[in-house]
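Structures for review follow.
Here chain A shows up in two complexes: once beside chain B, once beside chain C.
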Partner chain A sequence: MEKREPFFWLTVSSSVIILAFIVLPLFDMVTDPSLSMLMETLKDRDVLHSIWLSMYASGTAALIAFVFGTPLAYLLARTHFRGKRLIESIIDLPIVIPHPVVGIAILSVAGRNHWIGEALSALGIRIMGSVTGIITVLTFVGLPFYINTVKDGFEAISPRLENVSRSLGASMAGTFFRITFPLAWQSMIIGLIMCTARAVSEFGAVVIVAYHPMIAPVMIYERFEAYGLKYSQPVAVWLVLVCLLLFLVLRVLTLRKAKES
Partner chain B sequence: MIRNKMLGTLVVLSCIVSAVLAWSAAAEPQGKLVMFHAGSLSVPFQAMEKALEAKYPNLDLLREPSGSQKAARKIAELNKPCDIMASADYRVIDKLLIPNFADWNVRFATNQLVLCYTDKSKYSNNTNADNWYQVLQRKGVSWGHSDPNLDPCGYRSLMVLQLAEKHYKQPGLYDKLIANRPKENIRPKSVELISLLQTGNMDYAWEYLSVAVQHGLKYIALPDQINLGTYQHDNFYAQAVVKVTGKEPGTFMDMKGKSCTYGVTLIKNAPNKEAAIAFLTYMLNPQGGLKVLKEMGQPPFVPCRVPTEEMKARLPEALKDLVEVKK
Partner chain C sequence: MIRLEDLNVSLLNFNLRDIHLTVAENEFFALIGPTGAGKTVMLEAIAGLVPVKSGRIFIGEREVTGLPPERRGIGIVYQDHALFPHQTVLQNITYGLHFHKAQKTEAQDRRKHLIDLLQLSHLLDRLPTHLSGGEKQRVALARAMMVGPEVLLLDEPLSALDPNFREEVRDALKELHKTSHTTFLMVTHDFSDALYLAGRAAVIYQGRIEQIGETMEVLRHPNSLFTADFVGMKNVFPATFEGDRATVDGLTITLAAPVGSSKKYISVRPEEVVISRESVSTNGSIPLKGEIRRVVDHGFYFSIAIKTGGVTFQSVMPKSMLLDRDPKDWKEAYVHLRPSNLHAF
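Up next is the complex of A and B:
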């Protein structure tokens, strides 16, 4: 048998510690509520609705990131210009801003004391306490995760392929949709997963913009405050399970397709 | 002989020194002073803490804000060492601490519910104590309160609406008002409504007077019969009943209306009684703590009150002059 270097064991032991660090508390939380309690929670319409709203709002946020973020990611991957670093830092801002600050910032723009808020209310769009508001917040916090992932994806594709296509007479749009997109779509799926995952976990910013209607993390908080840990845990377990399942399915599907192609 | 004389002088001197030391120790409160109090008293007590610690540099006031019930339970059930307990509902002291853990209960200040607004709130120019309940029914007026299940200010706001129905003799008023308050306008804690007011996302919000004053908000003060601020109206207040969630989802309990009257007491086995009395002497003084409370929007009783002569007799000597007997 080949003798392993001590360095190898160092890497293994750190990995074990890290995994235990992540899994142990979660495992404890997931296994703590009894099965009957979990089933009981599943019959609660408010809980089901909050989990559905969480998935729906996060998914919509990811789709918005897909539509508007993909061109931006492409631009950042393919061009070099002055101030590019600045733009990249701005895109990262939602990651570093404390969550409640995000909520307050969005509310102050959406209020009647701001021209944007006035324009919105003239259009009949309400941010405070609405699903629109929740999606706005989730898009805000999720965008950097989508853009950064997809930008890396575009950068990994050689510009030469695009150059060949262009030199053979294809337009920029044609080249993007027929050459770049088919090569980069995997990174887009991963970007969508990252963005949705970030959005599902958001609490601090959402609770400021919308307490009702309740997304799952807000409901977990409300249950914890009003009834204690015992009644908030099952909601958390279901949210974690649903997310885990969804992301697992997405990953498996994309990996399989990637192998086939 | 001379030696004896010197020894004698030394003894006398040391006696004087130790006497002076002992006296100054008695006169100068020092050490840790533990105080449990209602969360809504945090701001005025913080100001009092600063004033007192400036006066007695060796004194360290340790404050633990929490719900009033919880504060009393920490003393009565968990036996946590504590010198002073101040409650947002004076009856908590009567119910949970007297006679085993405290001898007396001084009512020192009040709070009340007010309707807050800003310059930009709709109809803010014409809204007053006589027509607020009509304004809150108008379409397009956005108003809110905190979650009655999470925040006492929330169920108290609803009580005010119920009492308004009776006071203004407007049957069905409560339901009409609630119909114009979408669920989305409920927030977990009342303080969060302030940012909604200030950013123009909401026109009117229910708050405690103290919160309104401490945040510099404009507010409409309501008649004593409905503002939950005067304990003489407790019987009228008791007609308001709000259903809040119980210990588990699907269960409920009724909260009955009662006044926001603050009470304070000295815990019987207080570890630092001297310092506690020094603090209370300052706190119940119209020029000291009561002035602070007034500035912070928690109108004090000047002088503070106990219900019976008998209870007044049980007060520490230093406090007797600061308290009157009044039902």
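Up next is the complex of A and C:
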């Protein structure tokens, strides 16, 4: 048998450490609560509502990212202009800003002292302590994940395909829907998954904007603060399981469709 | 017909300058030049895919300068085929029909004609990933021609193909041109493709047209040092001219006819420099005795450098012309230059 170099063993041992670092706490958390406790938690309407709200608000944020982010991702993938780097950096800002700061920033424009806040208030839209506020925060933090993924997807499609389509008589919009979209939808699904995943995990910004109604991470935090680790774990397990199931189903569907085409 | 009037295109790091070009209806025209010369930019400007800084573009009698690509009546075929990967061959071919109002029977006839001519009938249900390079390019041609474009723009359509597919597509292109009314404009850096397909050609260099003419004429009679070098004119020498005589480094060569004294260079293609062991005087060629400096065996031909006077000529000699004798053993030989093959510019 070929003798491996020490460098090879270094890479293997680093990999094992990293994987253990990620998997062990999660595994421990998932296996810690008893089955009866898990089932009991599932009967708690507040828990069910918080998980539902988390999924609903994250899904809505992803849909908003899809509607408004797709044209922007396309524009960035297909055009070169002065200041493009700046725009790309602005899009990445929500990734690097500390989470509570995001909440504070959103509140500062949505408050009564700002014209946007005033306008929203006049329209009867409330941000503070509302589902709308939660969705706004989750869209803010999830957008970069959607836009960057979809932009990469568009860039992977040769502009020549679009050029040929235009030369054959299709308008820009016709070309987008007949050629670009069918070739980029997989990256859009992945972008939606990334955006939703990021939104589901958000806590710091949401807790500033809307402690109530409670999304699952806020509820986990509250249970931990009020009753300790033991009572927060089952909620966390259910949130993780629901997320895993959802993403798994989406991934399987995407891969199957990709293979078919 | 294509007409470009004083066309200027300015991209990030490239300029196309003062382009005047007219390509007649149903002509097969080649744009030749090295990589980065501006050939593809010119093609894409005609297609409406890059913005024009100034000048005008006409297709047929219509000015199309401000029109979007879909309203120019053009077809475009790229080197990498650019087939829609999620559509079958048939869907690719008929894609343009979604946007062109054509009589059903007319469309069917055209489809049948193209599928037969380009031998695609057995491929119609396949996806592009399952096609060979030649098949892909034939599908791309059928797709572009299906909408009956006034102008077909071909961007290096043969250069990504293996030699056997290359011939197949080249023949298909020729046949397609013969059986249509479309004007063909092909970008290429390969002179043999241009010679085989195009009646006329333009050489482009650094965003400008260097020379326009019949393809063979450009090949044999370049008018600048760049074009001479680009078309493989390996024997280009600074010369002085007087009547029908040129003097190069003390060597006097007789030309077919007197040329003006404003000419600066004399040139001859390496294929037209004939080398023989003995002095032979035929077809008006003048034998010049020289010293063999270098012989490289290329399999079917030799490239030979021979020095006569102060001038070293490069020659390409097919082995059959040397009757299988090996010039590597020669110390001296004769250079034969036919006056009609000598070109002054």
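Throughout what follows, the second predicted complex is superposed on the first by the 247 of 261 C-alpha atoms of A that agree within 3 Å, B and C clash if a C-alpha of one lies under 4 Å from a C-alpha of the other, contacts with A are read in each partner's own complex, and residues count from 1 in each chain.
Everything that follows uses one rule, which is that a residue touches a chain if its C-beta (ideal position, glycine included) is under 8 Å from a C-beta of that chain, and two chains touch if they have at least 3 such contacts.
This one's a predicted model, so the numbers in the text were calculated from it and none came from an experiment.
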item	value
Room on chain A for both chain B and chain C (clash or fit)	fit
Touching partner for A:Leu161 - first (chain B), second (chain C), both, neither	second
Touched partner set for A:Ile179, first chain B, second chain C, both or neither	second
Which superposed partner A:Ala77 touches (first chain B, second chain C, both, neither)	neither
Of chain C and chain B, partner touching more chain A residues	B
Partner chain in contact with A:Pro213 - chain B first, chain C second, else both or neither	first
Which of chain B and chain C A:Ala110 touches, first, second, both or neither	first
Partner chain in contact with A:Val137 - chain B first, chain C second, else both or neither	neither
Partner chain in contact with A:Tyr231 - chain B first, chain C second, else both or neither	first
Which superposed partner A:Cys195 touches (first chain B, second chain C, both, neither)	neither
Touching partner for A:Met55 - first (chain B), second (chain C), both, neither	neither
Shortest CA-CA distance between chain B and chain C [superposed frame, angstrom]	47
Set intersection of chain A contacts, chain C complex versus chain B complex	none
Chain A-facing residues of chain C, complex	12, 44, 47-49, 68-70, 72, 74-76, 78, 80, 82, 84-86, 95-96, 98-100, 140, 143-144, 147, 149, 153
Residues of chain A touching chain B in the complex	44, 104, 107-108, 110-114, 117, 127-130, 207-208, 210-213, 221-223, 225-227, 230-231
Touching residues (chain side chain A, partner chain C) in the complex	80, 158, 160-161, 163-172, 174, 178-179, 182-183, 261
List of chain B residues in touch with chain A within their complex	120, 147, 149-150, 182-188, 192, 195-196, 198-202, 245, 247-249
